[in-house]
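Structure record follows, encoded as structure tokens.
The first chain written gets the first letter, and so on, giving A, B, C and D; residue counts start at 1 in each chain.
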């Protein structure tokens, strides 16, 4: 497969344009899966989400996760984009895309990437509402999701 | 959830533009999954793929599959686009997208939709190569994939 | 009168996409037997029912399903969507 | 000299994003103990290790990992990426 494309950036990105670029470069793949995580408005109370990260570690950690995915599944291409900084409801926080010959591989690899990005990539979210600001707590279900991958 | 968006059409579509439109309408969802199936060039030998369908049945069958997905998972939106007619390598044959609050639901529903579209929606593919034309045989693995959903 | 539709290689083997037939067949299997007796093309096309699927009025059905009240029967190979 | 980094609420509780410390601590746990003794802010921040994670030179590690040769230690809450 081609080397995983990994971008950690503050700027907004156009998920549709990214998907088109990714799919057109995916070559022999018949199956392309994408996941995008959006900022929810939480019933209108959320004003913004601020994402902090550990710059020296972030890309390395994502690279290691993507390489593990490439060992487990036959992927022809992998993309991970993750933003940091201040985001507002509706904006895309991050996106992964996988391409493979078979849909099951593309789906599983994308889920694997998401499960590890959730709990093993050094990002932290702070939610800002009219009532104040609060760090988003990690969910037990996210930690448990990793159990699926042995 | 909003009613599933289902389109069965001959014209090419822009999967990136569809993903952007879908995500911006997905509302309270935090998780958007898309799958696109592309025409593989099969090592350069494939000239075109011709997709036949059963017009009176196709949209009904897809509708039933999408409704079953909506019963099984909490989706805020569902999209299925499937082309028919003549396609060349690299073109998108079809696309599904799902939106949900939680990524696991969006992923599972998209896989469910794909597994059923593969074997239960009335499409047939004919592959054209320099050597002639051949109907694509259904794969046992696609039929077996349905077993996962009980 | 029942409208019968054929798709994919079944359509090619039989040589037509659809036809209307007058039949007293009680089930899909009975109808298949009737059609298979017509000539070699039909006999060949319907030789192996495990490689065929059927829809009654646009809904997938089994070969032992009754035909009473059915207006459109479609025969085709296993589907290859997606 | 070791560079110590703090992130998210840990950074806020301690009041700084990073600092350099001279330490003879053999393991991460020893270093935590040293830091917790400094003052109430540190003591509070490190009160519950199950709510903290540590990375040594940008790789996730356990609290009993040795510090020999390590140049950068980062402490932070469980990650919430994606």
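Just so it is clear, a residue touches a chain if its C-beta (ideal position, glycine included) is under 8 Å from a C-beta of that chain, and two chains touch if they have at least 3 such contacts.
Keep in mind it's a predicted model, so treat the numbers as computed, not measured.
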item: Any chain that touches chain D and chain A; value: none
item: Chain A and chain C: spacing of chain centres that average the CA atoms, whole Å; value: 48
item: Centre-to-centre distance between chain D and chain C (centres being mean Cα positions), rounded to whole Å; value: 72
item: Chain centre separation in whole Å, for chain C relative to chain B (CA means); value: 26
item: Where chain A touches two or more other chains at once, by residue number; value: 37, 103, 114
item: Sequence positions of chain C contacting 2 or more other chains; value: 82
item: All touching chain pairs, where touch follows the definition stated at the start; value: A-B, A-D, B-C
item: Touch list for chain A against partner chain D, complex; value: 37, 52, 54, 56-57, 60-61, 82, 93-94, 114, 117-126, 135-138, 142-143
item: Chain C - residues contacting chain B, complex; value: 5, 7-9, 11, 55, 58-60, 72, 74, 76-82
item: Complex contacts: residues of chain A adjacent to chain B; value: 14-20, 23-24, 26, 28-41, 43, 90, 92, 101, 103-104, 106-107, 110-111, 114, 145
